[in-house]
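Take a look at the structure set out below.
When the chains are written out, they are named A, B, C and D in that same order, and each has its own residue count from 1.
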Amino acid sequence: MSARIFVRVQKEPFDAPLEAASLTKGRSDIGAVVTFTGLCRDEGGALNALEIEHYPVMAEAEIARIASQAAARWPLEGIIAIHRFGLIRAGEPIVFVAAASQHRAEAFAAAAFLMDYLKTGAPFWKKQHFKNGASGGWVAAKGEDEAAAERWRAS
Amino acid sequence: MSARIFVRVQKEPFDAPLEAASLTKGRSDIGAVVTFTGLCRDEGGALNALEIEHYPVMAEAEIARIASQAAARWPLEGIIAIHRFGLIRAGEPIVFVAAASQHRAEAFAAAAFLMDYLKTGAPFWKKQHFKNGASGGWVAAKGEDEAAAERWRAS
Amino acid sequence: MKALYFASVREHIGKAEEILAPPEEAVTVADLMHWLAAQGENYAAAFASAKTIHAALDRTHVKQDAPLKGAQEIAFFPPMTGG
Amino acid sequence: MKALYFASVREHIGKAEEILAPPEEAVTVADLMHWLAAQGENYAAAFASAKTIHAALDRTHVKQDAPLKGAQEIAFFPPMTGG
(Lines give C-alpha, C1' and ligand atoms only; values in the text may rest on other atoms or scores of the structure.)
Protein backbone atom coordinates (compact mmCIF):
# COMPACT_ATOMS: atom_id res chain seq x y z
CA MET A 1 0.00 0.00 0.00
CA SER A 2 2.56 2.54 -1.17
CA ALA A 3 0.20 4.44 -3.45
CA ARG A 4 0.49 8.20 -3.33
CA ILE A 5 -3.02 9.56 -2.78
CA PHE A 6 -4.11 13.05 -3.77
CA VAL A 7 -7.60 14.22 -2.85
CA ARG A 8 -9.05 17.65 -3.48
CA VAL A 9 -12.52 19.18 -3.12
CA GLN A 10 -12.67 22.54 -4.81
CA LYS A 11 -14.88 25.16 -6.41
CA GLU A 12 -12.51 25.95 -9.27
CA PRO A 13 -12.33 24.04 -12.55
CA PHE A 14 -9.42 21.60 -12.82
CA ASP A 15 -7.13 20.58 -15.63
CA ALA A 16 -7.68 16.84 -15.88
CA PRO A 17 -4.73 16.25 -18.24
CA LEU A 18 -2.30 18.14 -16.05
CA GLU A 19 -3.51 16.21 -13.03
CA ALA A 20 -3.01 12.86 -14.75
CA ALA A 21 0.48 13.80 -15.92
CA SER A 22 1.52 14.46 -12.33
CA LEU A 23 1.09 10.76 -11.53
CA THR A 24 3.76 9.58 -13.94
CA LYS A 25 6.09 12.56 -14.09
CA GLY A 26 9.69 11.50 -13.55
CA ARG A 27 8.74 7.84 -13.04
CA SER A 28 9.41 4.80 -15.17
CA ASP A 29 7.89 2.10 -12.98
CA ILE A 30 4.28 2.77 -13.95
CA GLY A 31 2.80 0.79 -16.82
CA ALA A 32 -0.84 1.87 -16.76
CA VAL A 33 -2.85 4.99 -16.00
CA VAL A 34 -6.64 5.00 -16.17
CA THR A 35 -8.51 8.27 -15.78
CA PHE A 36 -12.18 9.09 -15.48
CA THR A 37 -13.59 12.56 -16.05
CA GLY A 38 -17.23 13.22 -15.23
CA LEU A 39 -18.77 16.21 -16.98
CA CYS A 40 -21.97 18.18 -16.66
CA ARG A 41 -24.33 17.11 -19.45
CA ASP A 42 -26.81 19.59 -20.87
CA GLU A 43 -29.58 16.96 -21.00
CA GLY A 44 -30.47 17.48 -24.62
CA GLY A 45 -29.87 21.21 -24.43
CA ALA A 46 -32.31 21.81 -21.54
CA LEU A 47 -29.82 22.05 -18.67
CA ASN A 48 -27.87 25.21 -18.01
CA ALA A 49 -25.88 24.19 -14.94
CA LEU A 50 -25.65 21.95 -11.91
CA GLU A 51 -25.29 23.39 -8.45
CA ILE A 52 -23.33 21.02 -6.25
CA GLU A 53 -23.73 21.25 -2.51
CA HIS A 54 -21.28 19.39 -0.29
CA TYR A 55 -20.43 18.71 3.33
CA PRO A 56 -17.01 20.30 3.77
CA VAL A 57 -14.34 18.33 5.62
CA MET A 58 -16.45 15.17 5.49
CA ALA A 59 -16.35 15.25 1.68
CA GLU A 60 -12.53 15.27 1.64
CA ALA A 61 -12.35 12.67 4.42
CA GLU A 62 -14.80 10.34 2.72
CA ILE A 63 -13.04 10.52 -0.64
CA ALA A 64 -9.69 9.90 1.07
CA ARG A 65 -11.21 6.89 2.84
CA ILE A 66 -12.48 5.48 -0.46
CA ALA A 67 -9.06 6.06 -2.07
CA SER A 68 -7.35 4.27 0.82
CA GLN A 69 -9.68 1.32 0.35
CA ALA A 70 -8.71 1.16 -3.32
CA ALA A 71 -5.02 1.33 -2.40
CA ALA A 72 -5.47 -1.51 0.08
CA ARG A 73 -7.35 -3.62 -2.45
CA TRP A 74 -5.09 -3.29 -5.51
CA PRO A 75 -1.35 -2.73 -5.95
CA LEU A 76 -1.46 0.90 -7.06
CA GLU A 77 1.29 3.44 -7.53
CA GLY A 78 -0.88 6.53 -7.31
CA ILE A 79 -4.45 7.78 -6.99
CA ILE A 80 -5.96 11.17 -7.72
CA ALA A 81 -9.52 12.14 -6.84
CA ILE A 82 -10.87 15.65 -7.37
CA HIS A 83 -14.48 16.71 -6.88
CA ARG A 84 -15.88 20.18 -7.50
CA PHE A 85 -18.73 21.95 -5.76
CA GLY A 86 -20.68 25.13 -6.49
CA LEU A 87 -22.14 26.11 -9.85
CA ILE A 88 -20.96 23.96 -12.74
CA ARG A 89 -22.07 24.83 -16.23
CA ALA A 90 -22.96 22.29 -18.93
CA GLY A 91 -19.79 20.95 -20.54
CA GLU A 92 -17.60 21.60 -17.52
CA PRO A 93 -15.88 18.80 -15.59
CA ILE A 94 -17.29 17.84 -12.19
CA VAL A 95 -15.13 14.98 -11.03
CA PHE A 96 -11.81 13.41 -11.94
CA VAL A 97 -10.22 10.19 -10.76
CA ALA A 98 -6.99 8.60 -11.89
CA ALA A 99 -5.32 5.35 -10.89
CA ALA A 100 -1.77 4.35 -11.80
CA SER A 101 -0.38 0.84 -11.51
CA GLN A 102 2.11 -1.50 -13.08
CA HIS A 103 -0.52 -3.46 -15.01
CA ARG A 104 -3.75 -2.32 -16.60
CA ALA A 105 -6.32 -4.51 -14.85
CA GLU A 106 -5.65 -2.93 -11.46
CA ALA A 107 -5.81 0.64 -12.78
CA PHE A 108 -9.13 -0.04 -14.56
CA ALA A 109 -10.64 -1.73 -11.51
CA ALA A 110 -9.48 0.94 -9.08
CA ALA A 111 -10.78 3.84 -11.20
CA ALA A 112 -14.20 2.18 -11.57
CA PHE A 113 -14.27 1.38 -7.84
CA LEU A 114 -13.44 4.98 -6.93
CA MET A 115 -16.26 6.31 -9.10
CA ASP A 116 -18.82 3.79 -7.87
CA TYR A 117 -18.13 4.72 -4.26
CA LEU A 118 -17.84 8.45 -4.91
CA LYS A 119 -21.33 8.34 -6.40
CA THR A 120 -22.94 6.73 -3.38
CA GLY A 121 -20.69 7.51 -0.41
CA ALA A 122 -19.28 11.00 -0.76
CA PRO A 123 -21.49 13.81 0.61
CA PHE A 124 -22.34 15.79 -2.51
CA TRP A 125 -25.77 16.68 -3.85
CA LYS A 126 -26.68 17.98 -7.29
CA LYS A 127 -29.42 20.45 -8.10
CA GLN A 128 -30.43 21.12 -11.69
CA HIS A 129 -30.83 24.56 -13.21
CA PHE A 130 -32.66 24.60 -16.51
CA LYS A 131 -32.23 27.06 -19.33
CA ASN A 132 -35.81 28.24 -19.07
CA GLY A 133 -35.02 29.56 -15.60
CA ALA A 134 -36.71 26.72 -13.77
CA SER A 135 -34.98 24.72 -11.10
CA GLY A 136 -35.23 21.03 -11.80
CA GLY A 137 -34.84 20.29 -8.12
CA TRP A 138 -32.42 17.82 -6.59
CA VAL A 139 -31.11 14.98 -8.69
CA ALA A 140 -32.48 11.70 -7.35
CA ALA A 141 -30.06 8.96 -6.34
CA LYS A 142 -30.00 6.16 -8.88
CA GLY A 143 -30.56 2.55 -7.94
CA GLU A 144 -28.00 1.55 -10.54
CA ASP A 145 -25.33 3.53 -8.67
CA GLU A 146 -26.09 1.63 -5.46
CA ALA A 147 -25.90 -1.61 -7.43
CA ALA A 148 -22.57 -0.56 -8.96
CA ALA A 149 -21.09 0.07 -5.51
CA GLU A 150 -22.58 -3.16 -4.21
CA ARG A 151 -20.76 -5.31 -6.76
CA TRP A 152 -17.41 -4.58 -5.08
CA ARG A 153 -18.69 -6.02 -1.80
CA ALA A 154 -19.68 -9.31 -3.36
CA SER A 155 -16.27 -10.08 -4.84
CA MET B 1 -23.29 4.12 -33.83
CA SER B 2 -22.53 7.82 -34.12
CA ALA B 3 -19.21 7.69 -32.26
CA ARG B 4 -16.43 9.72 -33.81
CA ILE B 5 -13.45 7.38 -34.15
CA PHE B 6 -9.85 8.56 -34.31
CA VAL B 7 -7.09 6.01 -34.90
CA ARG B 8 -3.41 6.74 -35.29
CA VAL B 9 -0.27 4.61 -35.51
CA GLN B 10 2.82 6.74 -35.17
CA LYS B 11 6.48 6.84 -34.23
CA GLU B 12 6.30 10.16 -32.40
CA PRO B 13 5.30 10.56 -28.76
CA PHE B 14 1.76 11.82 -28.19
CA ASP B 15 0.21 14.17 -25.72
CA ALA B 16 -2.41 12.01 -24.01
CA PRO B 17 -4.08 14.95 -22.23
CA LEU B 18 -4.43 16.97 -25.39
CA GLU B 19 -5.86 13.95 -27.19
CA ALA B 20 -8.46 13.37 -24.49
CA ALA B 21 -9.48 17.02 -24.44
CA SER B 22 -10.27 16.86 -28.16
CA LEU B 23 -13.12 14.43 -27.44
CA THR B 24 -15.12 16.88 -25.33
CA LYS B 25 -14.08 20.22 -26.75
CA GLY B 26 -17.08 22.36 -27.59
CA ARG B 27 -19.53 19.66 -26.52
CA SER B 28 -21.90 19.52 -23.57
CA ASP B 29 -23.63 16.21 -24.26
CA ILE B 30 -20.82 14.00 -22.93
CA GLY B 31 -20.97 12.92 -19.30
CA ALA B 32 -18.04 10.53 -19.04
CA VAL B 33 -14.56 10.14 -20.49
CA VAL B 34 -12.34 7.20 -19.60
CA THR B 35 -8.75 7.15 -20.79
CA PHE B 36 -6.04 4.53 -20.64
CA THR B 37 -2.38 5.29 -21.11
CA GLY B 38 0.08 2.41 -21.36
CA LEU B 39 3.69 3.29 -20.57
CA CYS B 40 7.03 1.57 -20.98
CA ARG B 41 8.06 0.21 -17.56
CA ASP B 42 11.75 -0.04 -16.72
CA GLU B 43 11.28 -3.47 -15.09
CA GLY B 44 12.91 -2.57 -11.82
CA GLY B 45 15.49 -0.37 -13.48
CA ALA B 46 16.78 -3.08 -15.83
CA LEU B 47 15.00 -2.05 -19.01
CA ASN B 48 16.24 0.78 -21.16
CA ALA B 49 13.71 0.75 -23.96
CA LEU B 50 11.20 -1.27 -25.94
CA GLU B 51 11.43 -1.56 -29.68
CA ILE B 52 8.02 -1.95 -31.20
CA GLU B 53 7.67 -3.54 -34.61
CA HIS B 54 4.36 -3.30 -36.44
CA TYR B 55 2.62 -4.30 -39.64
CA PRO B 56 1.83 -0.96 -41.31
CA VAL B 57 -1.63 -0.47 -42.78
CA MET B 58 -2.89 -3.64 -41.09
CA ALA B 59 -2.15 -2.10 -37.68
CA GLU B 60 -4.30 0.94 -38.40
CA ALA B 61 -7.01 -1.17 -40.01
CA GLU B 62 -7.14 -3.64 -37.13
CA ILE B 63 -7.34 -0.90 -34.49
CA ALA B 64 -10.09 0.83 -36.48
CA ARG B 65 -11.96 -2.48 -36.68
CA ILE B 66 -11.71 -2.95 -32.90
CA ALA B 67 -12.88 0.64 -32.34
CA SER B 68 -15.85 0.08 -34.64
CA GLN B 69 -16.77 -3.03 -32.68
CA ALA B 70 -16.72 -1.00 -29.47
CA ALA B 71 -18.89 1.69 -31.09
CA ALA B 72 -21.38 -0.96 -32.22
CA ARG B 73 -21.49 -2.55 -28.78
CA TRP B 74 -21.92 0.54 -26.56
CA PRO B 75 -23.55 3.94 -27.10
CA LEU B 76 -20.38 6.01 -27.40
CA GLU B 77 -19.85 9.60 -28.43
CA GLY B 78 -16.18 9.27 -29.32
CA ILE B 79 -13.19 6.92 -29.39
CA ILE B 80 -9.48 7.63 -29.67
CA ALA B 81 -6.84 4.95 -30.13
CA ILE B 82 -3.18 5.77 -30.66
CA HIS B 83 -0.37 3.22 -30.80
CA ARG B 84 3.31 4.02 -31.21
CA PHE B 85 6.02 1.98 -32.90
CA GLY B 86 9.80 2.22 -33.00
CA LEU B 87 12.07 2.78 -30.03
CA ILE B 88 10.25 3.74 -26.85
CA ARG B 89 12.29 4.55 -23.76
CA ALA B 90 11.29 3.61 -20.22
CA GLY B 91 8.75 6.07 -18.88
CA GLU B 92 7.41 7.01 -22.30
CA PRO B 93 3.82 6.33 -23.37
CA ILE B 94 3.19 3.49 -25.84
CA VAL B 95 -0.55 3.40 -26.26
CA PHE B 96 -3.52 5.61 -25.51
CA VAL B 97 -7.22 4.89 -25.72
CA ALA B 98 -10.12 7.10 -24.73
CA ALA B 99 -13.85 6.49 -24.77
CA ALA B 100 -16.51 9.15 -24.27
CA SER B 101 -20.15 8.46 -23.54
CA GLN B 102 -23.14 9.89 -21.75
CA HIS B 103 -22.82 7.57 -18.75
CA ARG B 104 -19.76 6.14 -17.09
CA ALA B 105 -20.36 2.39 -17.36
CA GLU B 106 -20.14 2.43 -21.16
CA ALA B 107 -16.95 4.50 -21.22
CA PHE B 108 -15.25 2.20 -18.72
CA ALA B 109 -16.31 -0.94 -20.56
CA ALA B 110 -15.33 0.38 -23.98
CA ALA B 111 -11.87 1.52 -22.86
CA ALA B 112 -11.15 -1.85 -21.25
CA PHE B 113 -12.48 -3.66 -24.34
CA LEU B 114 -10.28 -1.59 -26.66
CA MET B 115 -7.18 -2.40 -24.62
CA ASP B 116 -7.97 -6.10 -24.31
CA TYR B 117 -8.33 -6.43 -28.08
CA LEU B 118 -5.39 -4.16 -28.90
CA LYS B 119 -3.20 -6.45 -26.82
CA THR B 120 -4.14 -9.59 -28.66
CA GLY B 121 -5.41 -8.53 -32.07
CA ALA B 122 -3.36 -5.59 -33.32
CA PRO B 123 -0.15 -6.50 -35.18
CA PHE B 124 2.53 -5.07 -32.88
CA TRP B 125 5.48 -6.90 -31.31
CA LYS B 126 7.70 -5.72 -28.49
CA LYS B 127 11.40 -6.39 -28.12
CA GLN B 128 13.23 -5.54 -24.89
CA HIS B 129 16.48 -3.64 -24.70
CA PHE B 130 18.21 -3.85 -21.34
CA LYS B 131 20.47 -1.27 -19.77
CA ASN B 132 23.41 -3.64 -19.76
CA GLY B 133 23.31 -3.63 -23.55
CA ALA B 134 21.70 -7.03 -23.82
CA SER B 135 18.60 -7.64 -25.86
CA GLY B 136 15.94 -9.36 -23.81
CA GLY B 137 14.39 -10.76 -26.96
CA TRP B 138 10.76 -10.62 -27.93
CA VAL B 139 8.14 -10.17 -25.22
CA ALA B 140 6.05 -13.34 -24.97
CA ALA B 141 2.29 -13.09 -25.36
CA LYS B 142 0.52 -13.50 -22.04
CA GLY B 143 -2.23 -16.01 -21.47
CA GLU B 144 -3.99 -13.48 -19.24
CA ASP B 145 -4.28 -11.11 -22.19
CA GLU B 146 -5.99 -13.79 -24.25
CA ALA B 147 -8.31 -14.48 -21.31
CA ALA B 148 -9.08 -10.77 -20.97
CA ALA B 149 -10.08 -10.55 -24.62
CA GLU B 150 -12.06 -13.77 -24.34
CA ARG B 151 -14.34 -12.42 -21.60
CA TRP B 152 -15.99 -10.02 -24.07
CA ARG B 153 -17.03 -12.93 -26.26
CA ALA B 154 -18.83 -14.72 -23.45
CA SER B 155 -21.11 -11.82 -22.52
CA MET C 1 -24.88 19.28 19.79
CA LYS C 2 -24.50 20.93 16.45
CA ALA C 3 -26.79 19.79 13.62
CA LEU C 4 -26.10 20.30 9.92
CA TYR C 5 -28.69 19.93 7.19
CA PHE C 6 -27.94 19.46 3.51
CA ALA C 7 -29.76 19.63 0.19
CA SER C 8 -33.51 18.91 0.42
CA VAL C 9 -33.32 18.47 4.21
CA ARG C 10 -31.78 21.93 4.51
CA GLU C 11 -34.42 23.42 2.22
CA HIS C 12 -37.31 21.87 4.13
CA ILE C 13 -36.04 22.99 7.52
CA GLY C 14 -35.05 26.39 6.22
CA LYS C 15 -31.59 26.53 7.75
CA ALA C 16 -28.21 24.95 7.20
CA GLU C 17 -27.27 24.43 10.84
CA GLU C 18 -28.33 24.96 14.40
CA ILE C 19 -27.50 23.95 17.95
CA LEU C 20 -29.82 21.25 19.29
CA ALA C 21 -30.69 20.44 22.88
CA PRO C 22 -32.48 17.11 22.50
CA PRO C 23 -34.09 15.42 25.54
CA GLU C 24 -32.13 12.69 27.29
CA GLU C 25 -34.50 10.06 25.92
CA ALA C 26 -33.01 10.67 22.47
CA VAL C 27 -30.38 7.94 22.59
CA THR C 28 -30.04 6.98 18.93
CA VAL C 29 -29.98 8.84 15.63
CA ALA C 30 -33.52 7.59 14.98
CA ASP C 31 -34.67 8.97 18.34
CA LEU C 32 -33.25 12.37 17.47
CA MET C 33 -34.93 12.31 14.05
CA HIS C 34 -38.25 11.44 15.70
CA TRP C 35 -37.87 14.33 18.15
CA LEU C 36 -36.82 16.76 15.40
CA ALA C 37 -39.78 15.77 13.23
CA ALA C 38 -42.06 17.04 16.01
CA GLN C 39 -40.43 20.48 16.14
CA GLY C 40 -42.62 22.03 13.44
CA GLU C 41 -44.07 21.49 9.99
CA ASN C 42 -40.78 22.26 8.33
CA TYR C 43 -39.01 19.55 10.37
CA ALA C 44 -41.89 17.15 9.80
CA ALA C 45 -41.51 17.68 6.06
CA ALA C 46 -37.73 17.18 6.19
CA PHE C 47 -38.09 13.83 7.93
CA ALA C 48 -41.32 12.68 6.27
CA SER C 49 -39.48 9.90 4.42
CA ALA C 50 -37.30 9.16 7.44
CA LYS C 51 -35.96 5.90 6.06
CA THR C 52 -34.35 7.61 3.11
CA ILE C 53 -32.54 10.22 5.23
CA HIS C 54 -28.85 9.57 5.84
CA ALA C 55 -26.99 10.65 8.96
CA ALA C 56 -23.36 11.27 9.85
CA LEU C 57 -21.97 11.60 13.37
CA ASP C 58 -18.83 13.69 13.56
CA ARG C 59 -18.50 13.32 9.79
CA THR C 60 -18.79 9.55 9.63
CA HIS C 61 -21.74 7.76 8.03
CA VAL C 62 -23.87 5.97 10.62
CA LYS C 63 -27.04 3.91 10.59
CA GLN C 64 -30.14 5.28 12.22
CA ASP C 65 -29.84 2.90 15.16
CA ALA C 66 -26.38 4.27 16.02
CA PRO C 67 -26.14 5.83 19.52
CA LEU C 68 -25.54 9.56 19.62
CA LYS C 69 -23.10 9.11 22.54
CA GLY C 70 -20.92 12.15 22.90
CA ALA C 71 -21.00 13.18 19.23
CA GLN C 72 -20.50 16.89 18.76
CA GLU C 73 -21.87 17.16 15.24
CA ILE C 74 -24.70 15.38 13.49
CA ALA C 75 -25.61 15.84 9.86
CA PHE C 76 -28.81 14.85 8.03
CA PHE C 77 -29.07 14.60 4.28
CA PRO C 78 -30.81 12.78 1.42
CA PRO C 79 -29.04 10.03 -0.59
CA MET C 80 -25.82 11.40 -2.07
CA THR C 81 -25.58 12.19 -5.77
CA GLY C 82 -21.96 13.17 -6.30
CA GLY C 83 -19.61 11.98 -8.99
CA MET D 1 2.35 -13.61 -53.93
CA LYS D 2 4.11 -11.27 -51.57
CA ALA D 3 5.08 -12.61 -48.14
CA LEU D 4 5.81 -10.46 -45.11
CA TYR D 5 7.54 -11.70 -41.97
CA PHE D 6 7.45 -9.98 -38.62
CA ALA D 7 9.31 -10.11 -35.29
CA SER D 8 10.84 -13.53 -34.51
CA VAL D 9 9.63 -14.98 -37.81
CA ARG D 10 11.43 -12.20 -39.67
CA GLU D 11 14.58 -12.74 -37.61
CA HIS D 12 14.62 -16.49 -38.20
CA ILE D 13 14.11 -16.19 -41.93
CA GLY D 14 16.52 -13.29 -42.22
CA LYS D 15 14.35 -11.03 -44.33
CA ALA D 16 11.27 -8.90 -43.92
CA GLU D 17 9.59 -9.73 -47.22
CA GLU D 18 9.91 -11.62 -50.44
CA ILE D 19 7.93 -12.77 -53.46
CA LEU D 20 6.86 -16.40 -53.24
CA ALA D 21 6.00 -18.79 -56.02
CA PRO D 22 4.46 -21.71 -54.15
CA PRO D 23 3.40 -24.89 -55.97
CA GLU D 24 -0.22 -25.29 -56.97
CA GLU D 25 -0.71 -27.93 -54.27
CA ALA D 26 -0.37 -25.19 -51.63
CA VAL D 27 -4.07 -24.47 -51.28
CA THR D 28 -4.31 -23.32 -47.66
CA VAL D 29 -2.21 -21.17 -45.35
CA ALA D 30 -1.04 -24.33 -43.59
CA ASP D 31 0.05 -25.83 -46.94
CA LEU D 32 2.11 -22.73 -47.64
CA MET D 33 3.71 -22.84 -44.19
CA HIS D 34 4.58 -26.50 -44.73
CA TRP D 35 6.17 -25.70 -48.08
CA LEU D 36 8.05 -22.69 -46.67
CA ALA D 37 9.42 -24.74 -43.76
CA ALA D 38 11.16 -26.95 -46.31
CA GLN D 39 12.94 -24.04 -48.02
CA GLY D 40 15.95 -24.07 -45.67
CA GLU D 41 17.06 -24.19 -42.06
CA ASN D 42 16.08 -20.57 -41.48
CA TYR D 43 12.53 -21.26 -42.68
CA ALA D 44 12.38 -24.49 -40.71
CA ALA D 45 13.33 -22.55 -37.57
CA ALA D 46 10.74 -19.85 -38.26
CA PHE D 47 7.93 -22.38 -38.57
CA ALA D 48 9.18 -24.90 -35.98
CA SER D 49 6.27 -24.10 -33.65
CA ALA D 50 3.87 -23.83 -36.54
CA LYS D 51 0.76 -23.83 -34.37
CA THR D 52 1.78 -20.61 -32.63
CA ILE D 53 2.40 -18.72 -35.86
CA HIS D 54 -0.35 -16.32 -36.91
CA ALA D 55 -1.15 -15.46 -40.51
CA ALA D 56 -2.92 -12.61 -42.26
CA LEU D 57 -4.15 -12.63 -45.85
CA ASP D 58 -4.32 -9.20 -47.43
CA ARG D 59 -4.06 -7.74 -43.92
CA THR D 60 -6.86 -9.71 -42.35
CA HIS D 61 -6.29 -12.34 -39.64
CA VAL D 62 -7.01 -15.83 -40.91
CA LYS D 63 -6.84 -19.35 -39.52
CA GLN D 64 -4.30 -21.76 -40.91
CA ASP D 65 -6.96 -23.73 -42.74
CA ALA D 66 -7.99 -20.66 -44.72
CA PRO D 67 -7.59 -20.98 -48.50
CA LEU D 68 -4.98 -18.76 -50.11
CA LYS D 69 -7.29 -18.12 -53.05
CA GLY D 70 -6.19 -15.05 -54.91
CA ALA D 71 -4.60 -13.27 -51.95
CA GLN D 72 -1.87 -10.87 -52.99
CA GLU D 73 -0.16 -10.54 -49.62
CA ILE D 74 0.39 -13.03 -46.83
CA ALA D 75 2.01 -12.21 -43.51
CA PHE D 76 3.41 -14.55 -40.86
CA PHE D 77 4.09 -13.50 -37.29
CA PRO D 78 4.20 -14.71 -33.67
CA PRO D 79 1.40 -13.87 -31.19
CA MET D 80 0.96 -10.12 -30.99
CA THR D 81 2.17 -8.18 -27.97
CA GLY D 82 0.99 -4.64 -28.55
CA GLY D 83 -0.77 -2.35 -26.12
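Here is the rule we go by: a contact is a pair of C-beta atoms (placed from the backbone, for glycine too) under 8 Å apart; a residue touches a chain by one contact, two chains touch by 3 or more.
What you see is a predicted model; the values in this text were computed from it and never measured.
Peer 1: Just to be sure I understand the contacts, which chains border both chain D and chain A?
Peer 2: The shared contacts of chain A and chain D, listed by label, come to B.
Peer 1: Going by the contact rule set out at the top, which chains touch both chain A and chain C?
Peer 2: The common neighbours do not exist; no chain touches both.
Peer 1: In whole angstrom, what separates the CA-based centres of chain A and chain B?
Peer 2: 23
Peer 1: From the C-alpha centre of chain B to that of chain D, how far is it in Å?
Peer 2: 26
Peer 1: Distance between chain C and chain D based on Cα centroids, please, to the nearest Å.
Peer 2: 72
Peer 1: Whole-Å distance, chain B centre to chain C centre, using C-alpha means?
Peer 2: Chain centres of chain B and chain C, defined by C-alpha means, are spaced 48 Å apart.
Peer 1: Note the residues in chain A that touch 2 or more other chains, in rising order.
Peer 2: Expected reply: 38, 104, 115.
Peer 1: Out of chain C, which residues touch more than one other chain, so two or more?
Peer 2: In chain C, 83 touch at least two other chains.
Peer 1: Drawing the touching chains as a network, do you get a line, a ring, a star, a complete graph or other?
Peer 2: Here the contact pattern is a line, an open path with two ends.
Peer 1: Run through the chains and report each pair that touches.
Peer 2: A-B, A-C, B-D
Peer 1: Where on chain B does chain D make contact in their complex?
Peer 2: 38, 52-55, 57-59, 61-62, 83, 94-95, 115, 118-127, 138-141, 145
Peer 1: Across the complex, what residues on chain D touch chain B?
Peer 2: Answer in residue numbers: 4, 6-8, 10, 56, 59-61, 75, 77-83.
Peer 1: What part of chain B is in contact with chain A in the complex they form?
Peer 2: Checking each residue of chain B against chain A gives 16-18, 20-21, 24, 26-42, 44, 90-91, 102, 104-105, 107-108, 111-112, 115, 148.
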